[in-house]
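Next come two complexes, and both contain chain A; in the first it sits with chain B, in the second with chain C.
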Partner chain A sequence: MSRALRPVLLLCALPGAFFVAFFLAPMVVVLIASMTTPAGQPTFAHYVRILADAYHWDVLWVTFRIGALTTLVCILIGYPLAWYLVRIVQWRPWRRFCVILLVVPLFTSNIVRSFGWMVLLGRNGLVNDGLIGLGLIERPMRFLGTELGILIGLVYILLPFIVLAVGNALAKVDPALEHASADLGATPAATFRTIIFPLSLPGLMSGAVMVFMLAVSAYVTPALLSGGRITVFSMLIFQQYSSVFDFNYGGALSITMLVLTLALVAIAGRLSEPRRA
Partner chain B sequence: MSSILAIDGLSKHFGGQPALTAIELAVEQGEFIALLGPSGCGKTTLLRCIAGFLTPEAGTIRLAGEDVTRLPPYRRPLNTVFQNYALFPHMSVAENVAYGPRRQGVAKDEAGKRTVEALELVGLAGFGERLPAQLSGGQQQRVALARAIVNRPQLLLLDEPLSALDLKLRKKVQGELKQIQHRLGIAFLFVTHDQEEALTMADRIVLMNRGRIEQIGRGQDIYAQPATRFAADFIGDANLLVVERRGDGSVSLLDGAITLPAADAPQGELTGVLRPEDILVTAGPVAGRLALPAVVSEIVHVGSHASVALAVSGTMLAARLAPSALADLSVGQPVFANIRLADLRLVPGDA
Partner chain C sequence: MVSALIRIVSFAALAYLALPLVVLVGASLTTTSFLAFPPQGVTLAWYGKMLGDPSYVSAFLVSTLLAVAATIVAVLLAVPAAIAIARYRFTGRGLLAETLMSPLILPHVVLGAALLQYGSAIGLVRSFPALLVGHVVIIMPFVLRAVLPQLTDEQKSLEEASADLGARPLTTFFLVTLPQIRSGLVSGAIFAFIASWINVELSIFNTTAELTTIPVKLFNYVQYTIDPTIAAVSGLTIIVAAVVIVLLDLAIGLDVLSERRR
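This part shows the complex of A and B:
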């Protein structure tokens, strides 16, 4: 080993050790547990059991559907919101206030916020009262225990991720590019379609991937807002670990979930990739 | 034939501060015009008004006879080469160049053909598939030019397009740009703060200062007959002399060493302009010239010539000499600065 390399390696050792201890090791423990019997014999029986059971597929379908819808709604609300904050707001204090408003909920506990939504979305909650007051509905709608309720809760929690990712990407687009586009005869709509949107796509994708991953793996929000009527995959995992104490089966469920999520993200990434690498 | 570009009484303010005041300018077909001035003089603001990125408070802008003052940029029949090129980073060179024709509704095949032609014209044939980031600064500059001329506009705006290039490359591109302009017959309106660049390239120079046009004319004319003190100072080197008006209508310069009748001189403050090469430095007085006693206080060699600082009646004058004339000159030596009164111009402006 050369002398110059040593301090570099030493500097890398700490984050490396941290990564191994807190990310790699737990993952390996779960992976090993998922492929062994409680007695420690290697087996694929857990995976066979999961994949052969139609119930698991139903729960997976619900989970990924909620995740996809959450991502879609977050994009539809978050992109215009990011646009507003970056492009339209000129007064800096107001922009700063909006960003703080957006980020502050992230500092509060997930549980507290989900309970808040339970109150708001209840039969006699503010949302139903409001909708009835406006004459939009006659009788209270049921939100709790529906996918719509879970969707509302997840969108609320995950929206900041999209807004921050897209806002960051939009702020980086050089205004001179818009001028050049207009100069070459492009209407504002064409400029958005051909220049701004493609350049903000990487930010949008990273935000969407984050939202999707967090939405499909969310436990607290779906658990509280489902009212026991809807089951998502993370609840199955939680059951195995906390009630059944079957760490091997729970591990297999976790790995299944992880692999499927990563596969979906990889496919989405491939589809949205520009033509050239 | 009407002008390609006609600007009439154009004014623009930024938050109460005037950025452009009463601009009048006409550009004819195929002309190469340089908008020259120090930074903050309003030349870029004027360019942005013409391109449509800024709306003036007063005045009109006509392109080929049509009033475009209130039209958005994408409806104006002109194109721009931007200072930092503003190439679209996610598109190939060919896509960048084809962008204009495509937005104008030209069919894909035809746009492709024009793109190839434009890239050939700027010497980048075969570079179409590259991304802008894979090109050198000089090549990016050519792509920006190809993209701006592919639509064959009648007027091309260039916003300090060479400022990001190093000196040697800049000289080369200056020549190429002039050739391309000549071949296409497009009027170029070229913003620069570099007087040498303006003098080498432009048919006419529009000299700007503090949001106003100081003088419009051919480079050699502005040099020989500057209209204002600013014009004399900005184009080339000049000795700017304090002018005192005297009761009898004449003026005196250099503490009374020179007196001139000033009946036809402009009103207000005056400055005397004397170019360094118009001063003849000799050991004795020269016949037919006004010989001012002087002392050599500094000699600076600049290769092709030498710059000599002379103390004349307590004022420093710069003279330009050929190296051969320097042989018998040394610092501290008393000499004569011989000038012709015809070379001394009185212009408005405070020295």
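This part shows the complex of A and C:
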């Protein structure tokens, strides 16, 4: 056994040590700080302060509502787009162009993409001009500083994740299954419902979980598009570490956010487990 | 009917994806001193102004150096870990894999805060090494995720054959394993590089006025002023991203959505 373990130790020593030193240790430090006073006495006061304060509940509610809406809209737009790219597009250069269009935003910073939306969604921005030009609204709508503005920005940033995850799953569906289903007399809708959709569900779920996690923990996009009017949870954490310098309370906020997101993702994972007939 | 609806949603979504990028690149060409789209006239003056500003040039250099260094370290750490996870059965193997992948789902703000707090205890703050260790942690999963699926069992028998024929482990690695995982390694490294290059949430805790990356500099700037210089900086990062992707597409093919099994 010890002979078999030697190569493992050799291979894992450096990556393991690196992760212990710069990932696990920092997280443990935060966990400990969240449960102690600045003087080092154990306390749960920081968590009590978070849980007892209605303001924190409001912020959490806004954060998770935006996260859930972002995920929902990403699915509603992303699934048809993935379907279009995998199933409908026949001309390869066009699909290639579309995939590039999908990936370029992923390769650009959140800050650049959110800045683009700041310009577009402003009072005199292209979106307002367009809506007025089409006669849909009379006066400029306020987007910046509203949840709608943040939603537009977050969906923009996270849409490619869903499309790539669903597209990958759809591309792997064996065409023979559909042919068999059609031969046996199933309508296209029934084939989709009973065969294709269930096969694409793991991709959809993993994409959705990714989108939800990233939406809930996003900092840059809400910070830029909220105009200081809306606070999400990551902003509270950032405030504590960058201007208030209360690392104990900040630690408790960090741990709260971590636990809540992981719990919700675990629930989502449980719900999406394939049901056995 | 359904197909028409899917087409409409898809065209709208594709336009939505292109819009901000087109607007920023367009606005960076304007001759006005404020952001205008469609641009009024065409000039590269704002790009010239950006390149004449040493603080932007140095931020570009810091971002690039950081991303290159972090990618190299991440590859050097992730490949041995991937081999251990794929080739050996040992206690804690699942735990190791999950720990190494977990930065993918951990909020970066939380990790950035943790590294700042921990770093101030051990004297590793607001410096290039402080930025580097954080970036390595968050980009390693990209390399690991790309390499692991390529360390297949069929390949294991090739490695065993190589060992049976008397090759040393390192020889086997360079002659047998590495060529097999090369494409995964390249795409993983590129994604890792990009994840570092565009990061704000983690870097922002450890940057200073002198030592800053392009995304953090933009973030701090955009909150106070908006002018065509910022659009030019953004435009440059968009153009770089587009060039990298087109090259990537030509080199390894990004058409991941068309591999329908026959």
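The rule we apply is simple: the second predicted complex is superposed on the first by the 266 of 277 C-alpha atoms of A that agree within 3 Å, B and C clash if a C-alpha of one lies under 4 Å from a C-alpha of the other, contacts with A are read in each partner's own complex, and residues count from 1 in each chain.
Operating definition for what follows: a residue touches a chain if its C-beta (ideal position, glycine included) is under 8 Å from a C-beta of that chain, and two chains touch if they have at least 3 such contacts.
Here the structure is a predicted model, which is why all the values come from computation and not from measurement.
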First, second, both or neither for A:Val59, with chain B first and chain C second: neither
Partner chain in contact with A:Leu14 - chain B first, chain C second, else both or neither: second
Contacts of A:Leu158 with chain B and chain C, given as first, second, both or neither: neither
Which superposed partner A:Cys74 touches (first chain B, second chain C, both, neither): neither
Residue contacts on chain A - larger count, chain B or chain C: C
Partner chain in contact with A:Asp174 - chain B first, chain C second, else both or neither: both
Which superposed partner A:Val112 touches (first chain B, second chain C, both, neither): second
Doubly contacted chain A residues - partners chain C and chain B: 174
Partner chain A, residues of chain B touching it in the complex: 51-53, 72-74, 78-80, 82-84, 86-90, 92, 99-100, 103-104, 131, 147-148, 151
Residues of chain A touching chain C in the complex: 4-5, 7-8, 10-12, 14-16, 18-19, 21-27, 29-30, 33, 77-78, 80-86, 88, 92, 95-96, 98-113, 115-120, 126, 156, 159-160, 164, 167-168, 170-175, 210, 213, 216-217, 219-220, 223-224, 234, 237-238, 240-242, 247, 250-251, 254, 257-258, 261-262, 265
In the complex, chain A residues that touch chain B: 174, 176-177, 179-187, 190, 194-195, 198-199, 274, 276
For the chain C and chain A complex, residues of the former touching the latter: 3, 5-7, 9-10, 12-14, 16-21, 23-24, 27, 35, 37, 76-78, 80-81, 83-84, 88, 90, 96, 99-100, 103, 105-119, 121, 133-134, 136-137, 140, 169, 194, 197-201, 204-205, 214-215, 218-219, 222-223, 226, 230-231, 234, 237-238, 241-242, 244-246, 249, 254-262
